[in-house]
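Comments concern the structure below.
Note that the chains take the letters A, B, C, D and E in the order they are written out, and that residue 1 is the start of every chain.
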Amino acid sequence: GGQPTKETAGAASGPAPAAGGGTFAVVTHASAGDAFWDVVKNGAEAAGKRYGVTVTYQGDGDPARQSQLIDQAVSQKVDGLVVSMANPDALKESVGKAVTAGIPVITINSGGDVSREFGAVTHVGQSEDVAGRGAGEKLKAEGVTKLLCVIHEAGNVGLDQRCNGATQGLGGTVERLQVDVGNLADATSKIKARLQADTSLNGVLTLNPAVAVAARDAIADGGSKAKLGTFDLSADVVAAIEDGEILFAVDQQQYLQGWLPITFLTLYKENLNTVGGGLPVNTGPGFVTKDNAAKVAKLAESGTR
Amino acid sequence: MTVADERLAATGVARRLLIRPELGAVVGALVVFAFFAGQSEVFRSVEGVANWLDPASTLGIMAVAIALLMIGGEFDLSAGVLTGTVGLVTVILATRYDLPVWAAMLAALAVALLVGFLNGLVVVRTGLPSFIVTLATFLMLQGVNLGVTKALTGTVQVGGLRRAEGYEEVRAVLAGTIPVGGTDFRVAILWWLAVTALATWVLTRTRAGNWIFAVGGDERAARAVGVPAERTKIALFVTTAGAAWLVGSIMALRFTSVQAGSGVGQEFVYIIAAVIGGCLLTGGHGSAIGAAVGAVIFGMADKGIVFAGWDADWFTFFLGAMLLLATLANRFVRRYAEEVKR
Amino acid sequence: MTVADERLAATGVARRLLIRPELGAVVGALVVFAFFAGQSEVFRSVEGVANWLDPASTLGIMAVAIALLMIGGEFDLSAGVLTGTVGLVTVILATRYDLPVWAAMLAALAVALLVGFLNGLVVVRTGLPSFIVTLATFLMLQGVNLGVTKALTGTVQVGGLRRAEGYEEVRAVLAGTIPVGGTDFRVAILWWLAVTALATWVLTRTRAGNWIFAVGGDERAARAVGVPAERTKIALFVTTAGAAWLVGSIMALRFTSVQAGSGVGQEFVYIIAAVIGGCLLTGGHGSAIGAAVGAVIFGMADKGIVFAGWDADWFTFFLGAMLLLATLANRFVRRYAEEVKR
Amino acid sequence: MTGDGAVTEGGTDAPPLLEVRDVGKTFGGVIALRDVSMRVRAGEVSCVLGDNGAGKSTLIKILSGVHAPDSGSYLVDGAPAAFASPRDALDKGIATVYQDLAMIPLMSVWRNFFLGSEPVLGRGPLRRFDVTGAKRTVREELRSMGIDIRDVDQPVGTLSGGERQSVAIARAVHFGARVLILDEPTSALGVKQAGVVLRYVAQARDRGLGVVFITHNPHHAYPIGDRFLLLNRGASLGEYAKADITPEELTSLMAGGAELEQLAHELSRGGPAAGPGTPGTPGTPETPETGPPP
Amino acid sequence: MTGDGAVTEGGTDAPPLLEVRDVGKTFGGVIALRDVSMRVRAGEVSCVLGDNGAGKSTLIKILSGVHAPDSGSYLVDGAPAAFASPRDALDKGIATVYQDLAMIPLMSVWRNFFLGSEPVLGRGPLRRFDVTGAKRTVREELRSMGIDIRDVDQPVGTLSGGERQSVAIARAVHFGARVLILDEPTSALGVKQAGVVLRYVAQARDRGLGVVFITHNPHHAYPIGDRFLLLNRGASLGEYAKADITPEELTSLMAGGAELEQLAHELSRGGPAAGPGTPGTPGTPETPETGPPP
């Protein structure tokens, strides 16, 4: 890896708006490096490049810090704002400030129910629990009755909502397990321990592709028969789906949650269009299974699925 | 001092000014400010300043309290998660049990002080390092926050404080804004200044301050000359808990909802700010103003990178580089100052 | 020792056995083991043991290295993220630049040792606390890991090591398994034992060990009697980096893909394990075996809660309680032992 | 000289300021002190003498509340006392100069001086450390000891060994109200400063304080001491009143017998620098600290 | 006695082992040492004398490589030397007992003793600290100093003050090959141990080592010293050969003049304990450390 220089970093997404373009800020509730949100970022940046606008991406899981990032974008007088609202209460004030300042706001991923009320132009994507419900239903169809939902960041609302959704979708028992995504040996060992200790568990749902790989190993090592589903994709996950080790990966097509709002904002800015008259636009859920895994394999590797 | 002593070298006025240990931190802050002011116009605008002073203020309150504790030779890893506990208790009591906001806050204060007291008590009684004791508290509180919140609400966050009785009044005092030059500054900044001034007073001008330096510098020696070391340490833990209550309340009132994981990971940011500001990890040396400035340095670097528009993927890289830069500037100035005196 | 001295009280054999400082940690470990063995049958089965020894082994390797560093009076917060860096470099070189696995690992070793060397150099040259220096390294490496991985792959992880040249051979040595009593134990456990034995030998039976204790106990005094303090400290940072390389390689070979965020947050777990094992945060005291046992305690508590099937929401609560219990047991035994000698 | 030189109960009716009876102290397996008794009377200087490691410091740490005795009893003004901490001893007017628990190196001279007994100004929330007063007092106290400190804001850790010790002594003298305990106070002091300390001790004694004085220097101990407690390997060799012991006996006891006689000859040599002051010249003590020739 | 008592260039042709010329040292604004010159010759004991804070320790820290001088030059065997660390000095056979940089409290006695010069056994990767040999050596060295240590595994921090100092001295004597620098080595020692140390110094001198000896005790300095360097407030008051100075002059110089004469009278009193040994008795030094009566 080369040493980054200020120039290259600045050039990638510097604040200087391209001629005729504008600056759109994306502020999400996930820290840098999150597999799911990284694809959103890729989508937003690709759209920015396509439309000749500048896109800045920031994120923080702490609602207080997320709201500060929104405040910062407002004081930078961006031309548009894209916000994911995992904790709408905490963001109300900051989003309100943006709306008052005349900045068009589009909400993504979660917070669709209050999007309108907060004055957003529209909402793209659906909340985590809808996606979770989809996963739960899918697992139920595979005969899972007792599910282990592996949370890799304790207290994170988004992950909690996914597990809650899965509970609703499954209709059976859902147990939770906390692991540390920074240490996969530890995650493997914990999942294995749980499966060893409670042999009635016959399904595992992970919320992160790296944890999915750890869960796959744990199931194999421990000789368990549990079925495994996961959120989000990586090359390893796609390969495992092809091999039948992982049943499916929930694919919210989150690339669209980055791409579409930038598109919408550009249209709104140039032409005052609001797609669907402001009705929420759904991006998923989709599923990657053995049937379509081969097709998305390449895309997952390049970070757009 | 009054009479010239042939054993003292002559020193210039400018150098003399640099003697105060806080000045190193201030110079570090100036370096960071100058750097980002050059990068971004917004950063140096009034709005920008209001923006980065906002997180610096809450961080600063905690950093000052943690600095006192560190000067006294102890750590508190549970302070961050305790701010979350305070917020959760306040919101839960005010929204689920319909207490007026002030009453809920008082209850949260009692909880916080109790936690601080227990931390201190266990540390002085068992003789275990406070790193381990407060780590255990940290983990246990984290579990309690999550477990209780989930049990009561079924989710990992509670909200709706806005509708609670007496919300607006308390909010104005703790989480409101004050317009200065057309821009809204957070009232927490005033609290931060007050806490810093108070801590500085205590540290430099009271008996308690003398005791804090002493127990951190050499606890056995301090005890031998009659310093009530145990009481001093317990009081420091309670003070830290009090600061956590203040910050937790400010955050809860401002955002009206609290996540169960709130505050986790912040404990190290507090320590970092205190250390940037010149506190020794081994105790016995440091200053409240230094810690407050350390918080500003951290806040500026943290927000400056965003203002400068650098790639978020590289965020931590720049943050690390800025921290190193600021502490090096601090160290450089202090070395220079030490050549003037002592 | 040989002749009876009227100034020594008579001590029993059992008490004498307890004198070794490691014994406190061992007793702490036994307490935790007994506790969970009572809670869960699987926990005490061979399979269960193999399971919780697995993460304890990689943690243990790092804890031992960090313990040496802490005995030498310094911290390394960048060790965790460095394991991630090592993995990323290895996988990227082996898969994107088609190097054989061993060559990629050698390159990663060079990178790791360089990082360790720079950490040490900056610490001894600037005199800044290692807490701050390695914190900056931690942040910067975290940024580099993410930034470079993103730049090269467009995603936040790299994988595909399985297809690289020479993968299977290296894997067998570092990340394979060994069947014992019908259960597969990780070969990393052997590495961990080897590292612990080596570190114990160095610490107790070599000149370098004497120097490590000395620079951590009182650096100025050590320097005054001719201990090469700077070299010793730099060597300790390099050693820690070497351990991070070993652990990073084990993880990369085992999972064949590495996330950009891998290892973040682990640095504190290493320190925790070392402190549970009896290392002083202020330096100058501790043992490698203690740290290794500390890793076992942490590993057992961490997994035991899962085996016992307690509510995951309360996980950290139980973890904190177990750590406190184990360190209290350790302290209790040590106090008792100290009544026997010194 | 035998044990019958030990002091018998005197005619004084007031109970001694401090008294320990058969105290012992062990550290783990180390027996540092065994069955030692001692009294500290008002207006008297009690010297504790003994070889290195004899237990002198351990004994005075018991007197000053740092250690609780493992056995035996401790009486203050005739009433049993159990100090939980040195604070309790200080509150009874017992001030101590420790041999090894002296100062906080990172703190300034004036902060160290008043540590634990800070002078305050104002009241209520405005009660504050009287900083200027404290600095002035420290400067004066040290100057009267013959230490001209450059700057009372200097951290104690950067003082010279003797300067540091002087601060500790000045502090004890300043705060010692009834009993002054000095553990090898003059060990790092210059000739002048040591003289001043001895003068302080005499003044304190004359003001009616009880003084406990530990030293390895018979030239310091004999002139000022009223009673001599001799310790050896943790046990008491007896307590002697000045009347019962000659300086020669004292020196010989402290040195562990006459075996040092020959040292004078060993040190002398026929080297080129031998001048008027070579050992053997009348008027010069022949051997260091072995006392005057018989 | 005036400055013309200073030593003039002698007839010795070998360069001195160590020599400093006009060295100075400042700590920030503090001038600790100014234009001090000194020579250490083989087979000679050079005493450095002076009041507290005079700069003695600073001077010897320059000699032993702890501080680099800010001005002036430092010659070893006549050649300019610049020690980067005490290690360099040790490698030239210069061993030092520091006043304040002594021991690592948490480490055991034997580890401290050999710190920086560990004896090794075996070779290659099997090279190891000779633990049993080290322990035996330490025990023997200490016993020959009159210190009977209970357990060489005891952490140094739990030793008594004198025991600790003895370990440092025994270490320096053990490793001092050409020059032995002792900064107030006898300050915490008992009478017997102090005698042993002086004997060590004499032995080292007779073996041809150069010795630098710092003390506040004229009874220690005069018998053993060949040259006396007097420091005052950081500056040199001159260097005297033993031939040029009488013990009385030396004592008076060390004490800063005759002002101490009256101390003897102040210490005496008509108290009940006054016995045969009261000051004034012939043969007893009247005042502590002020030397013998004229």
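We adopt the following convention: a contact is a pair of C-beta atoms (placed from the backbone, for glycine too) under 8 Å apart; a residue touches a chain by one contact, two chains touch by 3 or more.
Please read all numbers here as calculations on a predicted model, not as lab measurements.
Shared contact partners of chain B and chain E, listed by label: C, D. Ranked by number of C-beta pairs in contact, the top chain pair is D-E. Per-chain Cα centroids separate chain B from chain C by 30 Å. For the pair chain B and chain D, the distance between mean C-alpha positions equals 45 Å.
Residue positions of chain A with contacts to 2 or more other chains are 4, 9, 32-33, 154. Residue positions of chain E touching 2 or more other chains: 27, 30, 148, 150-151, 154, 158.
Shown for chain C are the residues in touch with two or more other chains, namely 7-8, 143-144, 146-147, 150, 313, 315-316, 341-342. Put simply, chain E touches chain C in their complex at residues 64, 66, 85-87, 90-91, 96, 98, 101-107, 111, 114-118, 120, 127-129, 131, 148, 150-151, 153-155, 158, 171.
Against chain D, the residues of chain E that register as touching in their complex are 27, 30, 43-44, 50-54, 56-57, 99-100, 146-148, 150-151, 154, 158-163, 166, 184, 186-195, 198-199, 202, 205-206, 216-220, 222-224, 226-227, 241-247, 250-251, 254-256, 259-260, 263-264, 266-269, 271, 273-279, 281, 283-290, 292-294. Within the complex formed with chain C, the chain A residues making contact are 1-4, 9, 32-35, 38-39, 42, 151, 154, 175-178, 180-186, 188-190, 192-194, 196-198, 209-210, 213-214, 217, 221-222, 234-236, 300-304. Residues 4, 6, 9-10, 12-15, 32-33, 41, 56-59, 61-65, 67-69, 71-72, 75-76, 87, 89-90, 92-93, 153-157, 160-161, 164 of chain A touch chain B in their complex.
Of all residues in chain B, those touching chain A in their complex are 40, 42, 45, 47-48, 50-51, 54-55, 142, 145-146, 154-157, 159-160, 162, 251, 254-257, 259-262, 264, 303, 306-318.
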